[in-house]
Amino acid sequence: MLPRPAGIVALLTDYGARDPYVGVVRGTVLRHNTRAVLVDIGHEVPPQDVAAGALWLLAAAGRFPPGTVHVAVVDPGVGTARRLLAAAAHEGYWLAPDNGLLSHVLAADPRAEVRAVDPAHLGLVPASRTFHGRDLFAPIAGWLSGGRYGFTALGPRCADPVRLAPLGAGDRRVVYVDGFGNLVTNVRGDALGAAAAVRIGGRELPILGTYADVPEGAPLALVGSFGLLEIAVNRGSAAVLLGLGRAAPVELVPSPRTSA
Amino acid sequence: MLPRPAGIVALLTDYGARDPYVGVVRGTVLRHNTRAVLVDIGHEVPPQDVAAGALWLLAAAGRFPPGTVHVAVVDPGVGTARRLLAAAAHEGYWLAPDNGLLSHVLAADPRAEVRAVDPAHLGLVPASRTFHGRDLFAPIAGWLSGGRYGFTALGPRCADPVRLAPLGAGDRRVVYVDGFGNLVTNVRGDALGAAAAVRIGGRELPILGTYADVPEGAPLALVGSFGLLEIAVNRGSAAVLLGLGRAAPVELVPSPRTSA
Amino acid sequence: MLPRPAGIVALLTDYGARDPYVGVVRGTVLRHNTRAVLVDIGHEVPPQDVAAGALWLLAAAGRFPPGTVHVAVVDPGVGTARRLLAAAAHEGYWLAPDNGLLSHVLAADPRAEVRAVDPAHLGLVPASRTFHGRDLFAPIAGWLSGGRYGFTALGPRCADPVRLAPLGAGDRRVVYVDGFGNLVTNVRGDALGAAAAVRIGGRELPILGTYADVPEGAPLALVGSFGLLEIAVNRGSAAVLLGLGRAAPVELVPSPRTSA
C-alpha cells in the first residue's frame, strides 16, 4: 500500500552551498506546496558522483517519517533523454534521474515500485535544459508532497531503472571517503560473518565497536554510520594515516581470536 | 497591491557555515515570529561581495511563494550610517542594507516600492554595531512575516536606493564564477538576438542547449541557471579549462550557421 | 519553572556538510516528532573541538524561542561510558554529551538544572556505537520537543557535569578564530572596565565600535558577535594580517585617551 504523503520534502543534491541553486530549488518546492516542510539530506555530494549520491540516499532510507518525498538530483545527464524516475520504497517516495542514483534504495526494499515520470503529462515544460532540479524535480516534489498528484499519476511503471552494481557484489573495496577521512567499504555490516579483522594497505586492523577502543591516532575497523564496514582512526583520519582512498581493496580476515 | 505575508522568511548572507552566526539569526527570527518558516537561499556569498549577492537575489526573485520575506545581509558597511531598506517587489518582500544588493531585484520589477526602515521607530536598538543581521534584520523579518508590522509601517518611501550598474549595461563580461566553474556573464538570456556563438579567451564557443551537447571535457556556451549566458564545460570546469574568471570579456558572434 | 516545549529543535554538530550524517539526524528527529521544526545552529564546529562547540552554544543561548530543544553533538568520546546530559537553562532545553560542551551555557544561567539521561530507561538501544547523534540524541530531542517525555523524566539530577575553564578565567587569550579571520578572545564585553585598547602580537589596537571606525585594511578591537572582545580588520582578516591564531595572548590597556 502506498504511504500517505507526510508533507515533508527531503533534498539531496550535488549543488553545494557555494551558489544559490539549492535555495532556488527550495523556493520552487514551496511555490508548488506552500505548506511543505523542507529538510536537507545534504548538498555536498561530490559533483556528478552518482555512486556517492546512491550511498547517501541509502543512509537516509527509513530515517525520515513515512510518506516523506525524497528528492535526489545528481544529474550529469541533465537535459538529455535520460528518464526521470519516481519510486515508492521504504514507506516513502523518491524522485531522481534514471542514472543509478536510486540503486541501493531500490535494492534494499523488495516491494519497491518505480515509475517513469512524464513531465509533459503533468504540464511541466522546463524553462531550462540545465536546471531540472528547479524546473522539474521541485514542482513534482511539491505536488506529490501536497497531494495534488498521487504517485501512480506521475507516469507509467518502469521495469528497468538504471542500476549500479549492488553493494556486496564484486571485489571488496573502499567506495566512499567521508569528511572525517573514514574509509567506507562496500562490505555490509550484516555480512561480516566470522571476520574479526580486515586487511587493507598492507595492515591488519581489528574489527571493533567504536573509535575509543584503540588509542588516539591508531586505526581500526568498525561498522560505521552507513551500516557498512569502515576503516577509521581514533581522533584522526584513516585516509591520511593510511594514504588510501576510493577503490582501495579490502580483505576480511577470520580470526581464531573471534569469540562470537 | 501589497502581498499578504506568507510566514516564510528566506535568508541570504555572506556569513558562511563556519560559524554560528547564521544559526543565531535563525533563532532571532523565530523569537520574533515563532511560527515563521525559515528557508535558506544560501550563506556562502563571497564575503562582502555585494555584486555577487545581488545576482543571488535575482536568481531567487519570483521563485518563492508570494508574500515571502527575503532577507539579504551582505553588509561591509555594517554599523555605519548606511540605510536599511525594505522593498516590495516580485510579489514578495525584501530586506537589505542600502548598498546595491537589491539592484537587480528592483530593476526586474517596474512596480517595486522601496522604503527606508527606521529601526528606532520600531523600538529596535541594536545590541552591537557589527551584527545587524541579528539585531535589526532578524527582528524586522520576524515582525513583517508575522504581520506585527505591515510594509508601509517600516519607514518612509525611499526614492534613491544605491544602485549597481544594471545587467546588460556596459561591456559584456564574466560577472560570477559558480561552484562548478561555470563562467556566468552579464548577458541576459533574452538578449542574445541572432548570436550563435561567443568569443572568450581567444576561443569561439557555440551557444547550445545543455552540457551534453558537446563531448565530455569540451567547452560551450548556454543560458544557465541565472537566466544569463554562461560558459561551461561538459563534466568539467570552464574556469579551470579556460583559465578565466570574473571580468573576463565576452563577445557575441552572429553566425551564418544559425538555424533559428 | 520549566518552559513548555516549543516544538523547535536547534541542531549543532561537528558533522559538517560533506556527508549525509546531519540529514540522517534531521530525519530521525522528525521520525520521533513529525511536527518538530528543525533549525540549524550550525554543523561546521571544527571536528571534535569541544571548546569551540561550547562557544557556539553560548552564542545561541537566549536567541531561540523559549522551550527550544538545543541538541549539541561534538562527541570525541562517542560509544564510551561518558554520560549524556540534558539541561534546562536560558528558558530552553539542551542535550549534549558530558564533555564540557554545555560549560558556558550552564555558567551563564545560575538557575540551570542538569540531568543525566538514561537512554535504556527511555527504551533506547543505540544501533551503533559511533552515531549517537542519530541513535540517542535525535530520538530524545524528538520526544522532548513533542512532549512525549518531560525534562524530569529523562533521568536523575546530575550535580557534576564536566566543566571547561570559565570564560574570563585564566590568562586573556584568543579562544576562537571565526571564518572571517576575527580573533575572538575570552574577555567578556561586559568586563572591559576602563580598557581603551588591547595589546596583541606586539601591537596596540584601539577598542572601537565597528569595523568602519578604522580605514580599510587596518586592525582594531571591538566587542563582537559572541559578546566577547575580538580583534578584527576592516574588510580583512586579523588572523592573516597579524599572523595569529588560537591561544595568542591578549592584554587590556587602560588609556588616558579614554573619553567614556
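Per-chain numbering from 1; labels A, B and C assigned in written order.
The rule is simple: a contact is a pair of C-beta atoms (placed from the backbone, for glycine too) under 8 Å apart; a residue touches a chain by one contact, two chains touch by 3 or more.
All values reported here derive from a predicted model rather than from experimental measurement.
Separation of subunit A from subunit C in touch steps, taking the shortest path, is 1. On superposing C-alpha atoms, the copy subunit A sits rotated by 120° relative to subunit B, to the nearest 5. Between the CA-based centres of subunit B and subunit C the separation comes to 30 Å, rounded to the whole angstrom. Contacts with at least two other chains are made by residues 17 of subunit B.
Residues of subunit C that touch subunit B in their complex: 6, 8, 10, 12, 17, 37, 39-44, 56, 59-60, 63-65, 68, 178-180, 209-213, 222-225, 235.
Residue ranges on subunit C touching subunit A, taken from their complex, read 15-24, 26-28, 30-31, 34, 38, 47-48, 76-80, 128-131, 134.
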